[in-house]
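Shared between the two complexes below is chain A, which pairs with chain B and chain C, respectively.
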Partner chain A sequence: MFSYLFKKICFLLASFFILASLTFILMKMIPGDPFSAEQSLNAEAHRALLKHHGLNLSYLQQYKNYISELFKGHLGTSLVYQNYTVNQLIRESFPTSAYLGLQALLFAITLSLILGLVCAFRPNSWSDHLIQIGMALGISVPSFILATILQYFFSIKWHLLPLARWETFSHTILPTITLAALPTAFMTRLIRNNLMQILQMEYVKTAKAKGLHPFTILWKHALRNALLPVLSYLGPLTSVLLIGSFIVENIFSIPGLGQWYVKSVANRDYSLIMGLTLFYSFILMTLNFIVDIACGLLDPRIRIMPVEV
Partner chain B sequence: MFTQLKTSVCFVLFFSFFGCSPEKPITETKATVKISTETEPHTFDPRHVRGLSERTYMNSLYEGLTRSEAEGKIVPGMAETYAILPDKKTYVFKIRKSEWSDGQPVTAYDFYETWKTMLDPEFPSPNAYQFNVIKGAKEAKQGTISYAEVGIKALDERTLVIELEKPTPYFLELISTPFFYPVCLAAREKKDSHVAEWASNGPFKLEKKGNFTTEWTMVPNPYYWDRDAVKVDEVKILKLDNSTALQLFAQKELDWAGSPLSTIPIDALAYLKQQGNLNVQTANGVYFLRLNTDSPPFNNTKFRRALAYALNRSDLVEHVLQGEEIAAQRYTPAKANVRPLYQDNDLKQAKQLFKEALQEQNLTNKELPKITVCYANNPRAHKIAQVLQQQWKEAFGLQVELQSCEAKVYFDHLKNQNYQIGIGNWFADIHDPISFLEVFKHKDNGTNNTQWEHADYIQLINQSSEAKDKQRELLLENAEELLMAEMPIIPLFYASYKYLQNTDLKGIYFSELGYLDLKYVYFENTTAKIND
Partner chain C sequence: MQVSVTLSHSQRFKYHFYSMQMYGILILCFLILMMSVGPYISTYHYDQMHLAAKNHAPSWNFWFGTDDLGRDIFVRTCYGARISFCIAIATVCIDLFLGIFVGSLAGLANPKVDECVMRLLDILYSIPTLLTAILLSVFFGSGLLSIVIAVNVISWITMARIVRGQILLLKEMDFILAVRSLGANSSYILLKHLLPNTWGPIMVTLTMTIPSAIFSEAFLSFLGLGIQAPMASWGTMAYEGLPALQYYPWRLFFPAAFISLTMLSFYLIGEGLKKTFNSSYSENIL
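This part shows the complex of A and B:
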């Protein structure tokens, strides 16, 4: 077990290092200068800025400096937003994104589980058709359209919920629904299809024949297997939700992390691009690792650790 | 039915369970001005200010030796009095008794030390060149002389003497800009403190409240010398999506939306104008086309002028932009109505010049290659480019290609002269025309980018710096006439700021230099606002 964990951690660190190197190379390949603007700097000021941020050094030296700072846990200072270090930006913005993401995740899991069960138990019924239509819409309607529709009805027309901003719980409802729509739709279909297949399997029929209670069959035998694909999907989904969405955060004016991804690239804010990429990859890899272990626990047939012969 | 009920119950339970609020709702009991912004301020340190968007914060948090108030009137700020010696180059400022927001006195040494950092060759200040009017400042920034040799002297805590290179008529306005504001000791010494903890010397101070990446709160500075003039309890600047800001303004949750901190979407302008809600302020800025004068056929003056004269700017302003911009018939806005330097939509002359330009280059209309208009990708620039495309096609049968680029890529194209025509703008820091004209003095000036440089133009600008009053004005006028005869840039229109303002909000001054002066702001109907 320990050797497995050790190997896994080594693999994560190596991936992390490769990712940092690739991001650095790609970032330097994009045309554009972090300090260029319509009203340009004079040459002296430009030189001073490059020197101040160490961008006048060779790429190799910049890379070495970055990696050595990374080992100390410093992600650097934003080149554009001089009030913040990258660590500060993450510290200030991540809790908001994480709160919203977790809320959306729990909402999506709960709702998709309920809807998936309803569909699987009564396939081709009117409720199944209705939910399927809803899920098709959830998958196909882009979040910015859904957000605008929700804002129009719930805030502008009916004055039930706040339009935007991040203040009270009521402010979180519309962004939660917007963010949860796609994963809810996807997971509902996944649960429905898996559950329908499993309910037709021999071992479920045997259980029925033995006179087991339908709830026991569902809970102990069917659902557990039906949830396995959902669990694999949950790793990347959770990381995406936790890290925040540029569109949802922008429309609802939420002070999350998602908005900084797009801005950092548009501004060529090198340290911010690097910092956020590494932070995102750290969350993604960690969650995937947890999902791997959870899959093994849920299904003993899945061996996450090598079996010694 | 049961399933439906179960779903509803789960939904309700879910929200009840997770119903813990991220923050408790706050009951509004203060006179708070709420303003929307579309971008985060890049800095709160006046020495690093570069764009227009930070100027509102700077003007509220800091105060220079002088202060620019309504209608551009220059009044004493931190300097209680000042004297200009007969040589017109030496200014003696008496600093008034005032304190930083942490209670420490503001002294002449604060100015002296702040400016010392600005002129440090290693200090990355984008606007240190603004100090070049001060004796020795340019050399100090280049590292060739020490700061002690610069014409800035703090004689004692209350006396600051500044010696200029040459008499500079706009100097008192120049020192009212953020580039000349003092910063507190913690900022100067780069102590590891959060920017919100830095003391400021202006009417307001920054308060760390809420999320500092989307909400910035300024409260009155209790130690400000003119504290009684500040009437509101706080100013909140909220980062909002532009369309969301419009909706929140409609719901009376904002007091100000639009310029200078955000943009009203171009598609909403007509509706807002029709409703009578749109306010417009003229801007000290101009939109123009940069022409790469190294790239044929733009190396031909007649060709450049033909393109300029053929444009129907009034049409562009009235039907496309719809924001009360003014068609530009010269480069600088100051004398726009008094003395146009060319006629808008002068098709007759444009066609004649176009014909002559082709003859000079031994080209026929058919042999003329496609020309490309390059611009930073945004809806406004795209609409402008489409109008240019159509108008030049109608006037000369020109094939015009549009090249929309990501902003940073576009700036790269300009810098590397990898363009033919680029859409650009210039917003001046002060009201003086020199602020516009100096941009095109040298081709290696970062913002010029046209590759145009003219010995006579340089001479006229240089002579103007030695001349006084009317003579200076005449020299600058001659320089602009030359610029418009050579046409390395084609002026399009003078910019305007569009905004929505709560009608109860009074005392706010929107400078045409692109910032809000919030010092005297108040609500006419205070009780209504407090109980909001």
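This part shows the complex of A and C:
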């Protein structure tokens, strides 16, 4: 277990280091410096700005500073919103994003569990087919389209839910549904397929022979084993939620971090893009790491198997 | 509970083939037809403006309506399909060449090289794809080529991993031993025996990477990073149509519907292929 843990930690650090270096190299590859686009600057002010941001040093020195700042957890300052550091922005807006993400996650897990069980309880029945069609739609309709469809019908046509903004609980409903749609579809499919496979196994036959109710078998015996692949899906799932949050926060004008990211991309605010990209990848990689460890704890085969085939 | 009926191989193939993929392939054919002949049917050009007919609702003149500059949405949707299919073809090429090359190299090389290559790929793989794509497209600027690079720079790794896994499995099998004992060299074995047996998983993986590349393009364009006006891509059109949703919903509806149709067709084909090849592959998203 310890060697497994050690290997995973080395991996996490190496990936993060590579990504940090990659972003640095990309940043240096843009022709000119961040301030050369501003026509109004005279040479004096330009030099002062460069010096203020430490951009007059050699690349190697800059790289050293950058990495050491990263180790201290400083992600730099925004170039467009001069008074903001990236850390400040994250502190202010990340809680909103995290709240929305967690709500969507809970919603997706609950719903997909229910739908998956319904599917596996009566395979190839009309309810199963209906859910499968729904899942195919959930996978193939991108979130920005789903969001606008939901807005069009629920807010504009039927006036049931607020169109946008972030105030009361009713404001969170449409964003949550949009964000949860794709993960729900994937997880339902995953749970259904796993359950179908497990229901063919010998121990389920034993349980059936004991005369247990089909639902008890499903709930007590099969579901437990079907959930492990779902756990390992939680890593990619957070990435889906995150990418979704860029779009959802933009469409529903929610003051979260995703909106800042999109804004920084639109403004070409390079240091903000770098900082937020690093922050996002850090979160994703750490979550993937935790999920890997959890899977290793729950299923010894994963940590013993030398190569995945 | 699945009913196990003994079918001959060809029967099973036919059964699965006609069930799911067929719908997917039909949708795909429809899209390809539209992409190739659509612009010739219509009398308009994709950047031709009709200022007298701005935001025109779908009608006999403008089948899918017009946008805020009076451009015909039908023609623009057809051109959007061309861009999406360009991305798809580029993805297929990169996946097939780079993915298969690296994957088979890692699978056939000695274990140390394999270990090094795979660890490196694992690290690259753990970096979120769309974040890299966003980062790269910020730097390469906008345009079709930069989008293709940004979308595909990581995506071929999936293919490499799948191919490597398959080759590791296959190369221990008896028929490879037999060929080897007949004196065949590695490249012959790879081309004639290993790769032909890997086509199933390769095709299934392609049905996952192609839609995710198309989706990435739409996503980047939707963020304003992708294809720029006056060129038309589905993502750009959806982005432009979004503010006008309340009054001119068709401006968003048509590009959105076509993105969804494309995704659906690949999903159906992929599911069908999976059943046909009768194995389970690891889930891959985005």
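Definition applied: the second predicted complex is superposed on the first by the 237 of 309 C-alpha atoms of A that agree within 3 Å, B and C clash if a C-alpha of one lies under 4 Å from a C-alpha of the other, contacts with A are read in each partner's own complex, and residues count from 1 in each chain.
Basically, a contact is a pair of C-beta atoms (placed from the backbone, for glycine too) under 8 Å apart; a residue touches a chain by one contact, two chains touch by 3 or more.
All values reported here derive from a predicted model rather than from experimental measurement.
Could you look at A:T277 and tell me whether it touches chain B, chain C, both or neither (first, second, both, neither)?
So A:T277 only meets chain C here.
Does the superposition put A:A266 against chain B (first), chain C (second), both, or neither?
both
Just to be sure I read the superposition right, which of the two partners does A:H74 touch: chain B = first, chain C = second, or both, or neither?
Neither partner.
Does the superposition put A:A48 against chain B (first), chain C (second), both, or neither?
So A:A48 only meets chain B here.
Just chain B (first), just chain C (second), both, or neither: which does A:N288 touch?
Touch partner of A:N288: chain C, not chain B.
In the overlaid three-chain picture, which partner chain does A:I251 touch, first (chain B) or second (chain C), both, or neither?
Both partners.
Check whether A:I156 is in contact with chain B, with chain C, with both or with neither, and answer first, second, both or neither.
Both chain B and chain C are touched by A:I156.
Quick check on the superposed pair: does A:T172 touch chain B, chain C, both, or neither? Answer first, second, both or neither.
First partner only.
If you lay the two complexes on top of each other, which residues of chain A touch chain B in one and chain C in the other?
Residues common to the chain A contacts of chain C and of chain B are 151, 156, 251, 266, 268, listed in rising order.
Any idea which chain C residues touch chain A in the complex?
Going through chain C, the ones touching chain A are 1-2, 122-124, 126-128, 130-131, 134-136, 138-139, 165, 168-169, 211, 215, 218-219, 222-225, 238, 242, 245-246, 249, 252, 256, 259-261, 263-264, 267-268, 280, 283, 285-286.
Okay, in this complex, where on chain A does chain C touch?
So the residues of chain A in touch with chain C come to 11, 14-15, 18-19, 23, 26, 29-30, 123, 136-137, 139-142, 144-145, 148-149, 151-152, 156, 182, 186, 190, 193, 196, 199-200, 229, 233, 236, 239-240, 242-243, 246-247, 251, 262, 265-266, 268, 270, 273, 277, 280-281, 284-285, 288, 307-309.
Okay, in this complex, where on chain B does chain A touch?
3-4, 6-7, 10-11, 14-15, 18-26, 40-45, 48, 50-51, 121-129, 141-142, 195, 211-215, 238-241, 244, 247-248, 251, 253, 376, 406-409, 411-412, 415, 424-427, 444-447, 449
Spell out the part of chain A that touches chain B in their complex, as residue ranges.
So the residues of chain A in touch with chain B come to 31-33, 36-46, 48-49, 51-53, 80-84, 89, 92-93, 96, 99, 103, 106-107, 110-111, 114-115, 118, 122, 127, 151, 155-156, 163-169, 171-173, 250-255, 266-268.
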